[in-house]
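First up is the structure itself, then whatever we jot down about it.
Should a chain be cited, it is by its letter among A, B, C and D, assigned in written order, with residues numbered from 1 in that chain.
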Amino acid sequence: MSVETTLLVQTLVSGLLIGFVFALISVGLTLIFGVMDIVNFAHGEHLMLAMYFTYWLYTLWGVDPLYAVPVVAGLLFLLGVLTYRLVIRHVLDAPMLAQIFVTFGLMVFLRNLAQLLWSEDFRRIGDTLVTGRLELFGIFIGTPQLVASVGAALTTGALYWFLKNTRTGWALEATAENKEVAGLMGIDPERMFALAWGLALASVGVAGALLATFNPIFPEVGAVFVLVAYVAVALGGFGSVTGAFVAGIIIGVVQVMGGFLWEPRFKTILVYGIYLGIVFIRPQGLFGRR
Amino acid sequence: MIRRSKLLFTVVSLAVVLAVMVAGCAAPAAPGPAPSAQEETAAQAPAGSEAASEAVNEILVGAIYPLSGSLAATGVDLKNAVELATDIVNNEYDLNLPLAKTAGLPNMGGAKIRLVLGDHEADPEKGAAEAERLINNEKVAALVGSYNSAVTATASQVAEREGVPFLNPESTSPTLTERGFQWFFRTTPYDKLFAENFFQFLDEMKAKGYDVSNVAILNENTLWGTDVATLENQYAEEYGYNVAANIPYEANAADVSSEVQKLKAAGEAVLLQASYVSDAILYMQTYKQLDYAPTAIIAMDAGFVASEFVETLGDDANYILSREVWALDLAESKPIIKAVNDMYKERYGTNMNGNSARAFTGMLVLADAINRAGSTDPAAIQAALMETDIPADQIIMPWKGIRFDPETHQNTLGSGIIVQILDGEYKTVWPFDLASAEIVWPFPKWSER
Amino acid sequence: MALFEVHGLTKTFGGLAANRDITMRVEQGEILGLIGPNGAGKTTFFNCVTGFYPPSAGSVRFQDQEITGWPPERVCQAGIARTFQIVRVLGDLTVLENVMIGAFLRHPRVPDARRKALAVLELTGLADRQDQMARNLTIAGKKRLELARALATEPTLLFLDEAMAGLNPSEIHAAVAIVRRLQEQGITIVMVEHVMKVVMPLADRIVVLDSGQVIADDVPERIAANERVIEAYLGEKYRAAS
Amino acid sequence: MLRNRLPQLALVALVLFLLVFPTLFPEPFLLRTMILVLLWSVLGLAWNIIGGYAGQVSFGHAIFFGLGAYTSTLLLNNWGISPWLGMLGGALVAVIVSAIIGWPSFRLAGHYFAIATIAAGEIFAVLFRNLKWAGGAVGLYLPIVRGDRLVDFQFNESKAMYYYIVLGMLVATALVTYWIERTRMGYYLKAIREDPDAARSLGINVTRYKLYAMVISAALAAMAGTFYAQFVLYVSPKTVFPLALSIQMALVAILGGTGTLAGPIIGAAVLIPMAEYTRVYLAGRVGGLHLVVYGLLIVLISIYQPGGLMALLRNWQHRRRQRKLAQAAPVTAPAGGMGDGSV
């Protein structure tokens, strides 16, 4: 391959790799919104917590991030349910503002708590099972990034299968469709909401653990990813798992390709611009219903 | 029911907080400012107004630093440094530093300096507010600070308005000394000089027979990075180097592969990079992942000299060149550095770094001026600052001394050094006569390390 | 010339038609009952003619004016008011405020709007609850409030979407009384009802929808005897029973 | 008799207090804090018009604040145009931009809108970081003008003038809000907030009224921006365009109580001094603890008092009224969503 094509392909690959991570993060965000019309503004901080959990598991007990994935996912599932029970449940009938601000407050709280306890220092998990990189035809692929992408794809797949092929999954979707009806069908919305939070944070937990294998860990790390996630969620249509997943990948590619072909510093403008463009033409997003 | 759930919530949330607190204390890197800081601020709160009256045997100096928020860690270093300097001034120490051998300020009957701290959270507006407060409420005689160039800008603007001397030991944005301020003084050499150093260094490398004609410029595009890039471009032209690529990027990115791809596309070049720590680390990882190895990476300190940089990257951090203002290994040619660093380490548990060393020096310079002024009258202090002339052997910096330009009030004797990370340690490699280690050049290919 | 005419109105959602080629007319001053089993497309029809859905085909005329595809606000300004099947009161506002918001359409100034609103509250028997938060009303109260709010816009034609659903007999009785009073005031009314026996005594004429089509359009007496109607409803009964 | 006058009397007392404040407490830091309180009250009220009354949660209001600050500053630095004219210029720019952003965004449902505004905000931040003629990331310094002349809109000897200017702005903003609340517009905005479809069915042109609210809100925020620029004498993307700023505008409003006149003012009066003094007294000790407390505070408010501090007051009043008219109509319990007919 000529140098130019190699560069282009390399860029495309990098875009895809980061895109998958965006995708997984967005999936959790969209699930909560789909089921209960609430945007979790603390989503980035939950990602941050997941990364710290992974870090502590690694430093205190030498658990490799790869093995930590299920543990962290479990921990965050619990955290999700807890968050719902302690916080979200209280604002279900509150005005939208309160709903937005409750999770926003959570964000401020968690981020600064992390700063207070664990300081601003950057932490990184040194050697993991997935350290290193592959080279194919002059294209480089970081193993951790690759693993993360695969993990992201698998997790989303599993989630999708669960929603489509299990009773609970249906119940969840029914609740998303229409709470009254779901209620009449004898589904307890409360349980579904709690479940949604659990699953959402579990998936962000997976993302965090995988991300921790190659991304430095610090209190603001969530902010770096979450804005993109919002865009992905809206782009894919609030509540649509597939939508968020695809949108996440699209954004990854657009960002990296655009940055390479255009001015890198305008990457963000590109992403948000496209977002605005699409929602103005199609307010329900790419895959959004109604 | 409601009541119960409320209670439950409060109890649990408290429990959670406590739990995490405990967990946090277990964490190695938990921040804990030195106790001395607490007494100080505790004393400061009530004191304030009456301090003005007893100003005779106590001179108040305000220090404005990012003590909380995202730069808290750095802020604490800086605070410790000015505290140490104050202590050296106030008590007798056998050190060859201004005012060390005497207790307090001899010209003012041994009056002692008391620091009053201000926290600006890296926010220019808050910086200005603190300057306002320290000057008017605490009645400080002068100010030091404030690390972030943007904050220094606004805080010194207040000082300029109020007519109070503002000594800036560690902000390097060129614009600061180009405002024609009467009350603003800067001891640290600034980016203009550092940028020029790069090309002087490259010329000397050329002289040694290495091929360096292309440079690529990569900078985060906030205040600081932009300034740096502008200067580097200027000097590249002046010194006749070809700028192969010029890439400003958005700080705190999640992914920088497109930037790195652009660099690769630019081909062989010496990379001049200006990044804060999160980006610096991400870039190094991406360089490795995409196998990008330029002729050399010369960084404009910041992220590349932050303690996390080496901690996080380990061996991957090696061979990075960075401009510095200070390095511990300078002690080999300047013993005073060791003496001071030992005191610092004993009190605060860490070694000094470029920031603390500069803050320390700045505080001494200010104290020296106040002493020579012989009063707390701002005008007198300002005049004394203008007269400042401290020889090289009385400072812990690798400078030729301290003397302020009558126009810009920029220290004209400052100079920078270039360090290289070798086995995880910062070694001075330039100027060659101060070097404590042999420079590794060019930057080794990733596959060969 | 009829007050309100619909010609060949069709509304499809992704292939399946909720309304198929509906043609009907509403005469000045009459009460028209629009009935049909669940999913017959009654509400869709309402949403089409009041501008909430753009019709896929067909035309809607009101007072010799083509209003097809007009946005809801414009339809309302033209003189067509509606209530919603699932009540949509403005919960965080008081009963009075709810009605005033309707009244503002014809009375931009606050005092006038309040006067108008109070009058309507009087008419609909909500006067004693004017300071209550709308969300605290019972279902019957909310439905009545929606009606009052719609009336406050001083419509010529009023669409009531299951205004009686979920009310107990005495509440229904009251509601019926109100509707009659409105007719006396010369307001033309189209009322969707699921329960036939409510409309029978009230309506001058009844149109029956089933699976999106008009299957009957006649005076109540004969509707009651209409084969297809009974069939449609029997089917419905069975469905309901199962 | 007197009890019914109580609110008016309180108001008069408050106004008098505010008028003499600088003479009572000439001490600069206190005065500065007070100025910030007033400034944030203005911003809170401005945000409240679109976010509180119309219920369109905007996380992009920093855009308008920033445009106000930049417009006046650029006009002043490049052509020496008085900041007072600059203030109007900024308001005008903000009006245009807000219309351009608002028009399409209003088609978006609640959360889409919130995020669209975040996106717009980010775009402006990046844009201004890269606009050379607007100082780029370095930002713009305003020249120090001695003499404290009103026309210069810059006062170095005493902050009092800044105080009275921002106080005037607050009064103006409050009057605008009061006017909105007492006219059809206020009712319409509330209707739109509660249920856009119901609003449309009542002949309300939802988009138009949202746009009115947005434009007014933006203009006011922009004027506050100009004031800020003149007050700090430094403008940069980092200081006038950050998301945090947009969020604090909303926070001030929600803390005090959205959709009310007094709410944002109360919110600012509580939040800003808290922020300032925690910073002063915690300096160097437990860095950032106050931010943790904020977070918790916001969560607790949203859960237990979504109406903000105002709701507390209102409940208290309400209870007093209830006690007065013992024979009030019995408030019937809300009927659950299930009964609302089939779907």
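A few notes on this one:
As a convention for this text, a contact is a pair of C-beta atoms (placed from the backbone, for glycine too) under 8 Å apart; a residue touches a chain by one contact, two chains touch by 3 or more.
What you see is a predicted model, and the numbers here were worked out from it, not measured in a lab.
When the partners of chain A are compared with those of chain C, the chains appearing in both lists are D. Farthest from chain C in terms of Cα centroid separation is B.
Chain pair with the larger contact count among B-D and C-D is B-D, by C-beta pairs in contact.
Centroids of chain A and chain B (each the mean of its C-alpha atoms) stand 36 Å apart. For the pair chain B and chain C, the distance between mean C-alpha positions equals 73 Å.
In whole angstrom, the spacing between the mean C-alpha positions of chain C and chain D is 41.
The multi-chain contact residues of chain A, meaning those touching 2 or more other chains, are 87, 90, 95, 113, 115-116, 265, 268. Multi-chain contact residues, meaning those touching two or more other chains, occur in chain C at positions 92.
Residue positions of chain B touching 2 or more other chains, listed in rising order: 9, 13, 31, 72, 221, 248, 250.
Of all possible chain pairs, those that touch are A-B, A-D, B-D, C-D. By the touch rule above, chain D contacts chain A in their complex via residues 51-52, 55, 57, 104-105, 107-112, 114-116, 118-120, 122-123, 126-127, 129-130, 247, 250-251, 254, 258, 286-289, 291-292, 294-304, 306, 337-338, 340, 343. Residues 27-29, 32-33, 36, 126, 129-130, 136-139, 141, 144, 156, 228, 232-234, 236, 238-239, 276, 279-291, 296, 303-304 of chain D are the ones that touch chain B when the two sit in their complex. Interface residues of chain B facing chain A in the complex, by the touch rule stated above, are 5, 8-9, 12-13, 17, 20-21, 23-25, 27, 29-31, 70-73, 221, 247-250, 252-259, 261-262, 264-265, 277-278, 281-282, 285, 288-291, 307-308, 311-314.
The touching residues of chain A, when paired with chain B in their complex, are 3, 7, 10-11, 14-15, 18, 22, 56, 86-87, 90, 113, 115-124, 126, 133, 135, 140, 142, 145, 214-216, 218, 220, 223-225, 228, 252, 255-260, 264-265, 267-268.
Interface residues of chain D, counted against chain C in their complex, comprise 182-184, 187-188, 190-191, 193-195, 197-206, 329, 331-335, 339-343.
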